[in-house]
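Structure incoming, see below.
As written, the chains take the letters A, B, C and D, and residue 1 is the first residue of each chain.
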């Protein structure tokens, strides 16, 4: 470890480090590109060397030394325990519930951690066309739990999704009325989804977790320097906040060094 | 048995205006060279099928070759938006485009049903999402448990095109590394073309090797580097800089058009 | 993560009276040694699941360990009848046995549905046959084309047992050669055991290699020659003479019983 | 080729040679063990070196030099172009109609080439329990055509099957009444089966082919030494015979030598 004094962690670095910590006791994690991938590789290096990384490209047990630009980089296949075709990945591995934790991003999140990654505006006349579903709907419906990693802005944290791409905790109190074709008050179990659904939303301000009973997201943790006030301002609904939100432990020197080495490779 | 021929003849013989064409490759082995040849031959009105449209379909959509796009994730992996894809959907440039989108699991199952010659496949998915009302998915009930599941219709492209590392002179093909849905795409299609890095005297079985017998393929064409800026595991590397650079090239319509003219459409230009 | 242990402990820990047990291997890699250990431990009342019961299930049925047999082809391949299987069904010896039979396609799809955690799988089959009224199959209608197809229920064995060539010390398993339905059988099961020819320091990927990560398996046990008289591709040869000899041994109840006592059930005997 | 005078062909040898000749222009053949396997390997050696042999064990393009005892012998995997798992074999290859010709055996055959390989007698109280369906029903329903290879006896050629394991041409005239759960007069197309169904039944007396219109089996060819009278006596229904049945061409010296070398390996 470097003995040179480290520059303080950026907010993005802290968000990645917080995400990595959630994998301390996970066995198998499913990841896409970007921050989730960085967090999972970091977790494997720092917290949990036995962690099995699964990418939707079909690489199971990949052991990347660098952060891949795409989920199909050659290093993932070279270091994987097994490499399978995409139909098998979604049938035998995701749908069959063999993955403990999945990391997902999104363009919009609502109070029940339902996700939009399809379109901003009207579907037929979009203001912004997003990439679309990818693996997210079935990943969120098949893995043991889902951790959502998003920036905390009013653009992201919206009262009502423009498009439900991925069901999180659905609409258990019927307040959204946004689960298409289903009765008000539908739960994820009622939709036939497996797994516990989103267990946390990690932002650049803090961590939100669903209330165990109502499933509504609650701010339970604040990143260093972040305030409840900021979180409320950047949330498009009346955000619930825990009585005494935890303060995220500062990144350790080991975490920060490992992350910076990883990103720099 | 596959005809081993050159890329120009293979594309001319197999791809027609109006076809439903799948060029597959899941981040790996994307058949860029074949896609460019389709554009050089001026094919139009295509239904372009691909799980991850990627830079290749951004190019094909951007020059106006597509009538319709069938896909599950339209992003530039690790970089951001596909600007031509967005411009077509958001602004109808260069002309309006029909879209039919699925989840990855749905698309993979559609190829699987196609390769199996079943009319549909079953999965646990779609329910509760807005996708369900916007795409081709139905609900089916398990006759044993009563569980309600999603059904997706089989995909049967008129032509599927994939890239692989090797073929022998009889047109037997082997690819290795991330296998994606290439085998399913070829087996689901009415006609098929495989471009390969090299023709060899004999295919030596490889770890992770997926073999497509020559009699399941219509044409094989040698196209070294044919998946660049994607890659062919063990032979070429992914050109990450080109993916990042595409973000700049593709943002502006004129810059895009000039780049395509210079790098793809000018038949005398070296193919990227 | 799989526990790497000895065969006796693994079977004792995983197989219980009354279990639905699948020992798979399609002519290749049949887990004889594990099956014999189940018999030596006196397990009874088993639902034995296997596409091709083969000599191993003839032995298990003949000693009375099975309550029920789920299968698709009950023959001694290339030789003829399975005499203990026939005696159990035709004459109820040593006791009556319940049977549930499918076609190979039906059984393969049942394992596939089990591995995918879907309640059923769809195929084009069964219709017009007497099997349809005698087994667990239903008809489903394609919501897109109206075609009527067959649905078979998922298989979820309590325990699946397969044999493979190699495992590493973390319990990751690799098999190669004819892959059969071993992967599906393991992934469809509640518990699983893999016997292997050898434990190695590191799995080196092989052509045709199928890898089961250790975290998908409960136990791995070393059992060299554990698939004899079947074989382990590249390590042991199929003992065709033993398959032919079984025809003689198994024709007569007493000859069978004596053979089993001597070669299988006597714990001090070398295991065939 | 041997210049020593050959012993005359046995009836079994002729049956195998006749079966092999049917593969002269086939591209892909699906085979089980026993005589079908011998015939296909012989065809590849003598008539059709490009013939692709597919065994239900998952070996595609196997090139065996010996006759395998089981369909899963190691030599098949070692010499195959591709080896696939059983679920894939039945889905991508058989069901998808990629096989031109399949060879099948059976314990009973009726006049429409429907097959029984399940049970003689009552299902619940069998006189003889047979191995069961194996791959046959879906092979016969998915391959381009089916060639049945059976001994010609009244035990095999029966008026009514004890059990319909595999549908050949069903019951197009409604005379059998034996296709369960279907209206009288059902055709194989009516049952949703693909391919042309049985195109020939090759016995130790001759070759039967379905009438192009009625689909009833007609004796069209006699093996050397066999008579129409014998065929009628060994058929459990009133056998239709072509006006002038062809006489099978005698095995050539090349065919017979190749067959004997093959079986002797």
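What we mean here is this: a contact is a pair of C-beta atoms (placed from the backbone, for glycine too) under 8 Å apart; a residue touches a chain by one contact, two chains touch by 3 or more.
The structure displayed is predicted, hence computed values, not measured ones.
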Separation of chain C from chain A in steps, with touching chains one step apart: 1
Starting at chain A, find the fewest moves between touching chains needed to arrive at chain D. 2
Centre to centre, by mean C-alpha position, how many angstrom separate chain C and chain D? 28
Between chain B and chain D, tell me the centre distance in angstrom, where each centre is the average of that chain's C-alpha atoms. 40
Two or more partner chains touched - positions in chain C: 112, 117-118, 123-124, 147, 149, 183-184, 208
Residue numbers in chain D touching two or more further chains are 91, 95, 194
Line, ring, star, complete or other: which describes how these chains touch one another? other
Which two-chain combinations touch? A-B, A-C, B-C, B-D, C-D
Which residues of chain A touch chain C once you look at their complex with the stated criterion? 27-28, 50, 52, 60-61, 81-82, 91-92, 95-98, 194
Give every residue of chain B touching chain C within the complex, in rising order. 117-124, 136, 138-140, 142-145, 147, 149, 151, 153, 205-209
Residue set of chain B touching chain D in the complex reads 1, 112, 115-118, 172, 183-184, 187, 211-213, 215-216
Partner chain A, residues of chain B touching it in the complex: 26-28, 51-52, 71-75, 77-79, 81-82, 85-86, 89-90, 101-105, 108-109, 111-112, 123-134, 147-149, 177-181, 183-184, 208, 210, 231, 233-234, 237-238, 240, 243
Residue set of chain A touching chain B in the complex reads 33-34, 56-59, 68-74, 76-77, 83-87, 89-91, 94-95, 118, 123, 126-129, 131-138, 141-142, 163-167, 170, 179-182, 186, 188, 191-194
